[in-house]
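In the two complexes that follow, chain A is the common piece, with chain B as its partner first and chain C second.
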Partner chain A sequence: MNIASARQSASGASIRISRLEKRFGAVSAVDGVDIDIAAGEFIALLGPSGSGKTTILMSVAGFEFPTSGTIHVDSEDLTYVPSNRRNLGMVFQNYTLFPHMSILDNVAFPLKMRGLRTAERHARAEAALATVRLAGYGQRRPNELSGGQQQRVALARAIVYQPRVLLMDEPLSALDKNLREDMQLEIKRLHAELGITVIFVTHDQSEALTMADRIAVLRDGKIQQIGPARQLYERPANLFTAGFIGEMNFVDVRIESVGDDVAVALPWGETWRLPAAAAVEPVAAGEAAVLAVRPERLQLGANPGGQVITVTLSDIVYAGAALLLIGRLPDGTEMRARIPGASQLSSLAPGNVASFTIPTEAMLLYRGKRR
Partner chain B sequence: MTEATRSHFWHSDGRRLSGLSTLLLLLPFFAIIAFVFVYPILQLLVISILEPHPTLDNYARVVDNPVHMRVLMRTLWTATLVTALSVILGFPVAYYMSRAKGTVAALVAVCVILPLWSSVLVRTAAWSFLFQRNGLVNSALMSLGLTSQPFKLLYTQSAVVISMTHVLLPFMILPIYGALRSIPNDYGRAAAVLGATPLRTFLEVILPLSLPGIVSGSLLVFLTAIGFFITPALLGSPQEMMISTLVSKQIREVLDWPFAAALVGVLTVFVTLLAVIFSKTLRFDRLMGNAS
Partner chain C sequence: MKPPTDRGSLALGAYVYAVLAFIIVPLVIVIPMSFSQNDYLAFPPSGFTLKWYSEYFDSRQWRAATWLSVQVALLTALFASVIGTAATYAMIRGRSRLVTAFQILLIGPIIVPHIALAVGLYLFFQTIGLSGTIPGFVLAHTVLTLPFVVFTMAAALGKVDPNLEAAAMSCGATRFQAFRLITLPLVLPSLASSALFAFIISFDEPVVSFFLSGVRQKTLPRRMFEDIEQNLTPVIPAIATLLIVLSILILLGAHVLRSRSVTR
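Our next item is the complex of A and B:
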């Protein structure tokens, strides 16, 4: 098997998860989830622990059967098919290489289960090891390999039978930071080469943002938002996603009027007029709302094209590429700013009052109150 | 774990105990082993070749006499049978224990361990009641219409095997349980998603990984079974003696110490050979290499 032939035969399958529900007693782990995944797409399920992301993956893998709902791969209904007949690839968090088998036998294991002869399955296992750049490691034992190497073997084992879907359950969380970044690239490369559909479960948002074509943000068994990284980051669909993905400043405001623009009353008495597009969720006059803005969108000083705020600085943190300024608005709400080009700011000190400009297009408006 | 941490004791504040204090702490244990195990065994072996005068006659009597050889073979065969039965009966229990949770797990564990708290004598006596001509087993068989005549159960080799299996079962279950518990759940799941049926998953992954537990359980049961005394003496037939009964007879009735010592010598050779073969052929370190 070489890469070219693998691409021909092992292009990805589409997956349709419909109205998926999984209850454990009175607890709903997954609560009506719909996800349509295109063939060859790389999708990340992102959420805090207990959000149901792992249960969804377990249902797709066949380790859990849902309470209701269906899972289709291409047009085939796999909802209640046992794992061993689903023909999916899977990589686990803790490698799960079988310790009593050599690396080669581990990678050849799925081929053995499919009744291939020894010579052919060894040849194909060798080829799969080569695609994860571990050619020649076949005779070693799993415990003779580093964590990163073991996870690459697990990857080879998951793709050696050319499944059309690859499931990954936090595959990088057991690795240290540098290895994790290497493996991220490795997985991206394999995804591009094989054209396989990937479902990737993670609680690490930067991992999800850098790797996936689309990200599904989950909370309490429900999908909060599903979309490409840029959309999730720049226009989060609700307050949870806004707070969960990246850093975000929140200010409680009150809606005064809604028309061609939205007038909001700020806690310190000012009224700002924001473009109607700032409202991510529909807002009505008289309601409480939350104004959200990313720390890196703030500009130091009073500039045109935005609203100016005054912040009493409490902390100034040098953070390499940018300077993190932490302070309070006149009403006491915390405000963070990340300002690149640290050198020109050396005159700032804790206790100073600084002016920042929030560009109009950086402001997002949500219903409700900040937590 | 490095060599240093493995071979020393540590103070509570993290300082390593000196070599001398380590030695002093270990001394009582090794002293007991030396005095109550190594010395008597050596003494017996010495008697077996030196008395009444330096000779191998005592060993020749063991080998030459077909009656004695039959006793030895019967002992080994019985121990093998008991070990095999224990594996077959014990593995499912151990597997269930390793999967069970909460109250059920505690209940099964108690059922396995509780018999260990009563003496072998009590458990053997219980079996002799069950196996009597009018005992529970026979009356059950007859009331079910499976037999019209009561079977002879007591004082047979079957009674000995059944009772010994019962007594030794916990020593099989616990090591297997330990081995199964150390296999992460994800191994079974990984095998399944890679295409293995439940049977293949068991044969290719679970069974090989639980082998160290099966082997140590088998060694425990087999070695204990070889030396079993009370059960064969109470439930077995006098015509079908086991080696421990023969040794005891030689020492207490015939007063032939050198011959009894030779019997023990032959047994010791068997046991030692067995232990060496097991430890050489099965590389535990490799089997368990990645189980952490």
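Our next item is the complex of A and C:
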């Protein structure tokens, strides 16, 4: 087998996770999760610690068995199949290379478990090492490699037997920032090259947004939202996702009336009429609601096509490409704005009162209360 | 100007050396005594002879006692290291709530006075016919040496990332293959060193052996006690010297094994 044929691999498998539940005593780590993953898709499970993302991955890997629910890979029920018979590639957070084996033997280990002869094992392991750009490192020991190199070896070991699914449990969190960005691209490249289905667990939202085709946002064992990065960022499905993904300003408001448009009462006495499409969740007159807007959508000055707010500035932070303005609305609610370019802003100083326009289409309305 | 003398640290130094002297002097005295020409134990020794060593090696009784002790110690080392490693593995990786109770049971023999254990085993083994037999000695010594194996292996296994086995299983290894191919090679130096400890502890264990020895089946320590009671010749320091050399060799071996496992 040569390098070319090692790279040309079977395409990925589809995965169907349905009604997945995992309870530890009284605690539900995973609470009725459904995810359909298409063959060859790159999906990220994103959530804070304790959200159940790792438990879902471990159930797919076979290291945890769910309390109820099923996991199918290509219509084969794997729910209770032992991990060593699932034929899924897995990359762990802390590299988990076998310290007493050479790099080549590490990568060849899955092939050894599948009974391949030594010569073929080594040829295929060499090819996998070449795929992760570590050709020629086979004779070294794991402790002679840097963290990034070790994780690439772990990646080679996970793909060497051409699994149709690759599972990754926070694989980059042990690496420093620059290395992490290199590895993100490396993994994206491998995904494109191999056509393998990837489930990637992370608590780093920018990592999820950069890498995944779709992102499942999890909290307390439940899926909050699942969709492509753009959808998650531009129209978060609920308050949790709105606050979890990216930066967001929140203003507590009250719904006055709901009709062709929605009238909301602002805490400082104004009433705004918003298009009905602004309401992400159904709202009813008389209820409390939260108005959300991304800091980069705010425009400096009073412009047509939106609502104007006055903000008393407290901090002005120069952040290279953009300027971050932090201030308070008349009722004391904090408001942040990210304004590109620093041209006309030199006149602003902390303590100044500035006007901003919130474009109508940038406003999102959720049920509930922020504070 | 001289720095002021620190009486406290002087006293501490003197104390430490005194303790070391108390530990080492008996060992040092025993060695010259084993070469003494006197027919009885005496200090200071006079002359130089190797006859006590040849008496030991020529005596059928001494050789039989030594051979019994070697057999018992080898089997004890084998059983204690295998059982102790398996038990420690369960203790470290297990999720059971019984782990604490298990731990106490495993290290219990270190806390229970050996004489209590010996009396209990004596009565029990008498009734079931294990007294004075190799299986009897091995059973008793395995219990005594388990705690040492557990301590050594707990330190070693605690350092092995449990995810290594998970990684091996995701590569297609069975649970047992993952242990045999990954964890076991990583803790093998500690396993060997704990087996050496079990060997030496069993080899010169006096209390339990004293109770369990029969008329014919006597371990080396038991045989030495009898010789002290009846003859008190320098053959005792000769054997003691041999045991000291053996212990030092085993300790060095264990040290080499452990430092190897650290550098890996």
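Here, the second predicted complex is superposed on the first by the 360 of 371 C-alpha atoms of A that agree within 3 Å, B and C clash if a C-alpha of one lies under 4 Å from a C-alpha of the other, contacts with A are read in each partner's own complex, and residues count from 1 in each chain.
Criterion: a residue touches a chain if its C-beta (ideal position, glycine included) is under 8 Å from a C-beta of that chain, and two chains touch if they have at least 3 such contacts.
This one's a predicted model, so the numbers in the text were calculated from it and none came from an experiment.
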Fit or clash - chain C, chain B, common chain A: clash
First (chain B), second (chain C), both or neither touched by A:110: both
Touching partner for A:94 - first (chain B), second (chain C), both, neither: both
Contacts of A:135 with chain B and chain C, given as first, second, both or neither: neither
Chain B versus chain C as contact partner of A:317, first or second or both or neither: neither
Contacts of A:157 with chain B and chain C, given as first, second, both or neither: both
Touching both chain B and chain C, residues of chain A: 61-63, 82-84, 86-90, 92-94, 96, 98-100, 109-110, 113-114, 157-158, 161, 167
Interfacial residue positions of chain B with respect to chain A in the complex: 184, 186-187, 189-198, 200-201, 204-205, 208-209, 286-291
Contact set on chain C toward chain A in their complex: 161, 163-164, 166-175, 177, 182, 185-186, 264
Residues on chain A engaged by chain B in the complex (per definition of touch): 61-63, 82-84, 86-90, 92-94, 96-100, 109-110, 112-114, 141-143, 157-158, 161, 167
In the complex with chain C, residue positions of chain A that touch it: 61-63, 82-90, 92-94, 96, 98-100, 109-110, 113-114, 154, 157-158, 161, 167
